[in-house]
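First chain written, first letter: the chains are A, B, C and D, and each begins at residue 1.
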Amino acid sequence: MAVPPDLAHIHHAELFTTQPEESLRFFVDVLGMEVEAREGASVYLRGWGDYMRYSLKLTESAQTGIGHMAFRAWNEDALQRVAAAVEATGRGLGWSDGDHGHGPAYRFTDPDGHVFEILYDADRYEPPPQLVPSLKNQPQRYTGRGVGVKRLDHVNLLAADVRAAREFATDVLGYRLYERVELDDGSEAGAWMSLSIMAHELIYTRDHYGANGRLHHLAFWVDTREECLRAADLFLDNGVYIEAAPSKHAIAQGFFLYAYEPSGNRIEVTTGGRLVFDPDERPVVWTQTERAKGQAWGVKTIEAFHTYGTPPVESKS
Amino acid sequence: MAVPPDLAHIHHAELFTTQPEESLRFFVDVLGMEVEAREGASVYLRGWGDYMRYSLKLTESAQTGIGHMAFRAWNEDALQRVAAAVEATGRGLGWSDGDHGHGPAYRFTDPDGHVFEILYDADRYEPPPQLVPSLKNQPQRYTGRGVGVKRLDHVNLLAADVRAAREFATDVLGYRLYERVELDDGSEAGAWMSLSIMAHELIYTRDHYGANGRLHHLAFWVDTREECLRAADLFLDNGVYIEAAPSKHAIAQGFFLYAYEPSGNRIEVTTGGRLVFDPDERPVVWTQTERAKGQAWGVKTIEAFHTYGTPPVESKS
Amino acid sequence: MAVPPDLAHIHHAELFTTQPEESLRFFVDVLGMEVEAREGASVYLRGWGDYMRYSLKLTESAQTGIGHMAFRAWNEDALQRVAAAVEATGRGLGWSDGDHGHGPAYRFTDPDGHVFEILYDADRYEPPPQLVPSLKNQPQRYTGRGVGVKRLDHVNLLAADVRAAREFATDVLGYRLYERVELDDGSEAGAWMSLSIMAHELIYTRDHYGANGRLHHLAFWVDTREECLRAADLFLDNGVYIEAAPSKHAIAQGFFLYAYEPSGNRIEVTTGGRLVFDPDERPVVWTQTERAKGQAWGVKTIEAFHTYGTPPVESKS
Amino acid sequence: MAVPPDLAHIHHAELFTTQPEESLRFFVDVLGMEVEAREGASVYLRGWGDYMRYSLKLTESAQTGIGHMAFRAWNEDALQRVAAAVEATGRGLGWSDGDHGHGPAYRFTDPDGHVFEILYDADRYEPPPQLVPSLKNQPQRYTGRGVGVKRLDHVNLLAADVRAAREFATDVLGYRLYERVELDDGSEAGAWMSLSIMAHELIYTRDHYGANGRLHHLAFWVDTREECLRAADLFLDNGVYIEAAPSKHAIAQGFFLYAYEPSGNRIEVTTGGRLVFDPDERPVVWTQTERAKGQAWGVKTIEAFHTYGTPPVESKS
């Protein structure tokens, strides 16, 4: 029986960079994010449409990849329910006092070893004078700098065992499964899940090397496909490596542009994607043959898209 | 404490037309909807993105306006909870056996007298061979005929007492209030509510004549602003009266195009609009002075937008 | 010394089809062109923005490919000047009385054997009542059917000797050369030429098989990139083979979508492209290395784009 | 008999500002132009798509309005022909040695007293290292700052006697007349002219006050309508006064956004517009009744659009 999830949305992601200055320049000058705060080895960044203080915590690290991901619950009760459910699985790491911009968070790992946090208490963004918007239903003014991403949209993690990771997300965290890929051998190659009507918010795809805890990409939202095309022009003239030019995914029907930020993490600029209004939506299952057709308009995905992740496998100890 | 609503989304709206043939041609040839069924004086119409069989029931009638609106619940328990809550208000009209494409529905009126229904059991659309899409995560092929609206997006009802209607929607139906207009005299001139992260799904604005049960407009979704602009060209060359050319709303930030279908009901082609991810979103309150600034980019709304509704007041008995 | 050309623009192209009914359905139902006239084995087709009666003559034939191309001169004197220049090269075939929609035409072949015509006297389109537009500066109403191409934009011919064909076009016909590809061995692999500020109108690229008189593609214009993206969705759901999904060319910077019409001729839906205002524009020369980088945003062109043309080489006698 | 014009395009316009610092910030930070040079009271500005060094000369002055406009000829002979034709009208002011970025220019006034220059010898832009583009067929990299206008597109001058000004432009300068407005009293209220296939490059509209030498607006080009919409958001959040929100003109069918730069000159961000390929194009004549319908999609033009120009009439001595 379909029920609305206890978690509301991804609150933020922490990204590791080995080249903090270059990465920061990319997120600020090219993607157009704002620096909301700095603390230790981390810079907290936000899109102009993020209602909370930040959606990206960029942290200098010895290797690239995802630091942790945080999810915000609908309310305190919902938070406690999910925390209890996680604890029952034995994957819990306990409560923290919180971080910049949010209160107590319960920390745990998904079955693939990625670090997750859930929280409820979170600050709302209050813009400084130079960023106060003209329209009061907007958290920040639109600066128009670079790509001008609006907010963090979704996260795609790699997993050695997609099915296990997916079942944890749906059964314990309450994610709704909208689409998945099932290969001819019955194994699961990818799962697209969401807490809302948006086509996807949390994605697991198979780690080509069978490694654990790696990141496929972080996706940032823009409101129009034209902004994705414009982003490609900006990437081109800013020397950003474009892995996949703008086109339309068959799965979830999102419009994409993939690139690598300076330290090597894959970043997507995205918009569109189907909306799921049916409470009883049946997951769409894509076969190996169907996936071989390429993207929606027939674009063949380049090999690296299926193999590359961060940190690179070679650098993992 | 924020909780996800028990209702999932507007399932369909019934629109009355006094010129059934001309209205049907408009919805099919100009807006690009499909006829899914006909029954008695009604034609059931769908957009290419509607997952259920239809979202618009067009019914020949002695006067224009809204016949009824139907909302789908997340599950059977949620349906019963909302039905019980409505019954407790004394506004209930009882259960019906259902209609084309859906099962039992509980019928009632909102405080302004509009007829509402809530239901859970609903058919999923199964396309005939000529409408089977290429992508399996899409309910129907994209025909590209006319404007090619994707689905019914939102409904704007007029109410003599906006506050009463709004409180019923939030307190009894569980709608989330995202934005509202409060005039200098403290009265409420409009309320924008939603069951999802979309900026609005159910809107009440003040009936200029203090009449009851009237419709301001039905809004149909397209995925891009360019499709709104294209729709304006199509309206122009199809002799459809354009009340307001494409532009951007300040409230909710949706992109709009307003026109009248042949029998006089106002129709919007819309896209965009902000997304609300914050479980604790505080309603944005617009003042009389702020509204006087016009739309987002300064477009002054024409007078008829604030006065005209269907059925026209003069024709009401 | 730069001078404006004596020829004004491509008036029409004749395309051969081996599947006349299927091809006609494609141009009318999918591309959205209008049938302006039929005569013998030919159907004359127009886009909604063509000022003359038609821009495409579709003719049933034993093989696919280009029938002939016609160019319109600025005036009668200009026509005579170009005709005399062509005659002096020995490539002239003589004058014809004209065809549907235009008067006397001088016929000749380019160095690769494609049949060309030049003409001045041409009819202006007069729409029938159901196609009269709302705006009087538009030749026809915008029907919005299918892709809704506006007009024939450019023609890309294959040539065994690109340099010879290009020099004929510039030196005899007066085309302006804007860009070309020169391989490491000094040979010319492609030339992009125009009679106006548009980035290209006549293109020669190398015939992979060294064959003569073949067609690479006909390109039809839409006003926006969004319409190219929409066209891809329409092609997908109409079973049209997409050879290259929408993206941006490095050369000329046009936005493209390539597909095959039912009998196998390659068709492009295009928009954008740089504008050349400099009377003394120096041709941009692309090297073999530069071309190896792929399209503007790094998309690698599929092999068939460099080899396939119509008629297929195998079918030529 | 139609002939291609001797002039190729508008080379640059000189704009007077009474608030040089604020105006410069607008053109650089909001419109996204580059400072190419400074000299005396003038700053030379360029769009990223201008092939010549600059298209806008912004000059501090005691009053706002247009300083002069310069047109580039196809070649030296063409320049001399037009200079001789102008001289024969008695409107000539003689030759100057040139200015930053161009050689000798012949100076004269149009019948309304605006200062014009014609020239042939002009420098091509050579970008500094930080502005070298990735694509070699582009004069400068795309910075994406602010609106990111590509180039100066057209100029709309006010004239007390539109017919006289228009006839000078067509008969002496060789402009092609594409559209004009003729009022019921037989007088001419506006004329849209071009040197190329673009819908307009030089426009005269009637000066409401019968004043002379005034400017209606300078228009800067962007490649897409989405960029016009984005520009409106940027204007909104940068406190730029929007006179007319984005919409589509009936005349010439250009997409527009009108705003005032800080010193009060009207600026347009524009794209689209029909293309004129017919050498024998008959000017479209709009009647008073047709103009009363508003813009293409019915938007009524605000009064100031028909009366306001720079310098303001009140400030003229």
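Some observations on this one:
Throughout what follows, contacts are C-beta pairs under 8 Å (C-beta built on N, C-alpha and C of every residue); 3 or more make two chains touch, one makes a residue touch a chain.
Please read all numbers here as calculations on a predicted model, not as lab measurements.
When the contact pairs of B-D are matched by residue number against A-C, B-C or A-B, over half are shared only with A-C. Between the chain pairs A-C and C-D, more C-beta pairs are in contact across C-D. With centres defined as mean CA coordinates, chain C is found 44 Å away from chain A.
Chain C and chain D have CA centres that are 32 Å apart. Contacts with at least two other chains are made by residues 135, 224-226, 233, 236, 296 of chain C. Residues of chain A touching chain B in their complex: 1-5, 8-9, 49, 51-52, 72-77, 124, 135-138, 151, 178-179, 196-198, 223-226, 250-253, 272, 274-279, 281, 284, 286, 290, 296.
Within the complex formed with chain A, the chain C residues making contact are 225-226, 229, 232-233, 235-236, 242, 245-248, 295-299.
Chain B meets chain C in the complex at residues 133-135, 141-147, 224, 226-227, 230, 233-234, 236-237, 239.
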